[in-house]
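Got a structure here, written out as structure tokens. Questions coming.
A, B and C label the chains in the order they appear, each numbered from 1.
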Amino acid sequence: MTDSFTQHSPHLANRHAAEIRFQWAGRVAIFLALAFLFVMIGSIFYKGTGAFWRTYVALDIDLSKDAIDPQDLAGASYGGLVKKALKAKFPDVKARRDRRKLYGLVSSDAAFALRKWAEENPAELGGVRKFWFVASDDVDVLRKGGIDVEGKESDRRVSDKELKWVATLAAEGRIEQRFNWAFFTSGDSREPELAGILSALVGSAWSLLVCFFLSFPVGIMAAIYLEEFSKKGWWSDLLEVNINNLAAVPSIVFGLLGLAIFLNTFGLPRSSPLVGGMVLALMTLPTIIIAARAALRAVPPSIREAALGIGASPLQSTFHHVLPLAMPGMLTGAIVGMARALGETAPLLMIGMVAFIADVPQSILEPATALPVQIFLWADSPERAFLEKASAAIIVLLFFLVVMNLIAIVLRRRMEQRF
Amino acid sequence: MKSDHIVRSFDEDLQQIENLVSRMGGMVELQIDNSAISLVQRDVELAKAVRADDRKIDNLESEIDIAVVRVLALRQPAAQDLRAVVAVLKIAASLERIGDLAKNIAKRSTVLGEFRDIGASANIVKRMCGLVQEMLKDALDAHVTRNINLADDVRMRDVEVDQMHNSLFRELLTYMMEDPRAITPCMHLLFIAKNVERMGDHVTGIAEQIHYVVSGSLPEEERPKSDVTSLTAISSGEAAAGGGQAE
Amino acid sequence: MAYALEKSDAAQLGPSEAVASDPALISAVDVDVFYGEKQALKGISLDVPEHRVTSLIGPSGCGKTTFLRCLNRMNDLIDVCRVEGEIKIAGQNIYAPEVDVVSLRAQVGMVFQKPNPFPKSIFENVAYGPRIHGLASKKSDLQGTVEASLKRAGLWEEVSDRLDHPATALSGGQQQRLCIARAIAVEPKVILMDEPCSALDPIATAHIEELIDELRQKFTIIIVTHSMQQAARVSQHTAFFHMGVLVEHGKTEQIFTTPNDERTESYITGRIG
């Protein structure tokens, strides 16, 4: 029958319909997932990008000999100079409370910045000079539109008077937005306009370094032994089940373990990236072992047979032939594990890496905090401006995660060999 | 044959070849029979028919050849199957030779018809033919049933044919010495007898092939041989005495 | 008589190499192999003559590959596998405690079913064996060894100008010949081949078969094959395994024309399997 290809049974239509339904269900699911992802990332970017800019206020500072004695730079009252400049700008402000509010327009950092300038450029002292100072967080938030100026005065952090001053300054072109380099170059601060992520970033880097150098060699060796050398039996099965279980243990439990053993028993320095890295290593180890074993198992047995068949010892077979083939998979697993460790907060909280750390840690033994912990801290702060910082820190964290995953992909592409 | 091949069409191919051999064997048997009858009854028409029918046997042989080559090429038979197929090739050749010899007998019997009856000698030839025909029949049966004992038995029976040929040989030699006019018919008869003896040898060969097919080796024991005609000489004195002994 | 003549011919012209007269290089006595509880080989006693190709045939799961892998103790890799009995190669029981499996495998090379070159260059593939066994001390020695092995494997002509290319880019047949070159580069006594042509096309197979016949001058070869025609073409001796038992062992032409055992007959004529 030639038309048997064109005559269909009624079942066939149903089967096709089922397939089309399934495909659409899949597409809708993916669309929803992508939509949520976009909403999340979009809101983070919406909130966070502001933190990469900060508001500066220009003031005319009197640098005459009376104000700053070039022979005695340390003796000058830089804070007073800044206040004087503000007073000169708004001479009609008389009340003490209003004065304090007026002085609060610029960051407390202004005096330090002025002094630093003076120490670096003693030759240029004298006369009146225009300086750009970092504005206070309230002004910053106000300029970025974070304050509802139409609302009742008692409901906002900024009073009507302050609004007027800022408006005046802005009208004179004395308020500007500049790129916030300090966000990347300074540590945490009580003042939101001065807070940066450098100390947290370095803390994370130290921890990850410790984590990598502990978990990668140990994990790879364990995987190689378990996969290539150990006898298969109930003991290795038990081990495998336990490693898999370990990978599923909540990370806070590792934090508790670190607290109990590394801090209390061994007495290692609290809040240090060393302990943080060790705890993260414990947490990453099962992931690395599992990934490495999978990578080893993916190497075809024919390669081992080929090597053993010409008289290579099992060690030679493993290290000359199997390991190079498994390496891309192992590295990918390790990097994915590292990425997870980078984003981990809970175990670090347990070992005290949650402290306020303004200084950049210089070694793995100094107190430090980590990027996700910093985000946690900022998100928890009362100042409105810190919320923006938290979002910005999340962006930085996401950036590093993406970079790490890209490295994993590139490594896999580069090292992957056909077999 | 024992258990079947996994590929059933292989069995069919082998069966087809076996059938061809059986058919050819049957035709050859008939040819032997008819040639003997034409000799004894001086039936020229029958002799002609025998000569004509030989063509059919030749055709059958080439048909078997083609079938065998085909099986060799397409099935690559091994062991028992290989032996069977190769043996069939040889058996077919032997049968074809037997057919040729029968044709030759028929040819000579037409010539003999023009001469005076030689009497008892022709009957001896006919009995020889009967023996050979019987042997051939058993050999073909042995082939179909893969009966090694029957095949060995056939092989042993050739000795009778040889002995009959021997005595006929001496008898005809004597005739020819006594009466030179009898030389022509006697010579023809002698050749006919020789043909029959050769047929017996071919049947023996067939039996040996069957032995090979079944057991995988050719028969080891020497076959009893009684064809001494190549060593027989009769002096005129002996001929006058009415027969002598072969040395 | 014509047939009698034929018979005596067979006795005279037949193989100059009768089973009994060939000196045995490998001799297995009463070998049992167990996988856990399951017995894979039962009482295998087999002599493998030197400088001959011996093929092991039999249906799948009959134990021929298991036996092959006993000969270079590849079965050691399987934890549950247990070998009993004695296998002597050149008089030495290879399962004796003093035998080091690494040096055994240098003596008994192996070629596998699927060509399995290392994912490295052609040169590195062949050079690896001599290097780990310290057979070539200088770089020039190593190059000589690689060239000689590739030549002996009939691959030199095809790859001499691209030794640094990846071996995995070669065709299947070339890869398999490379694997053979890799095996012979360490100068083994015995080469085991586990269905070396099952993944190759007929032309590549013919190349390998021709190669096997040449290699016989220098090595003793044992080949497991599923193709009975191949066993018939390349080997002088054939052993038929069935259900873990060595059913029959003999000259190849004898096995393929007049096997002694019913089961061999049935297998090679295509009645069981």
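We adopt the following convention: a residue touches a chain if its C-beta (ideal position, glycine included) is under 8 Å from a C-beta of that chain, and two chains touch if they have at least 3 such contacts.
Quantities reported herein were computed from a predicted structural model and do not represent experimental measurements.
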| item | value |
| --- | --- |
| Chain nearest the overall C-alpha centroid of the shown protein atoms | C |
| Maximum centroid distance from subunit B, chain identifier (CA atoms) | A |
| Averaged-CA centre spacing for the pair subunit B and subunit A, given as whole angstrom | 105 |
| Separation of subunit B from subunit C, taking each centre as the mean of its C-alpha atoms, in whole Å | 50 |
| Between subunit A and subunit C, centroid-to-centroid distance (C-alpha), Å | 61 |
| Contact set on subunit A toward subunit C in their complex | 231-233, 300, 302-313, 316, 320-321, 325, 417-419 |
| Residue ranges of subunit C in contact with subunit B within the complex | 1-4, 6-7, 10, 228-229, 232, 255-259, 264-266, 268-273 |
| Touch list for subunit B against partner subunit C, complex | 2-7, 10, 76-83, 201, 204-205, 208-209, 216-218, 222-223, 225 |
| Residues of subunit C defined as touching subunit A within the complex | 72, 74, 77, 79, 102-106, 109-112, 114, 116-119, 128-129, 132-133, 166, 168, 179, 182-183, 185-186 |
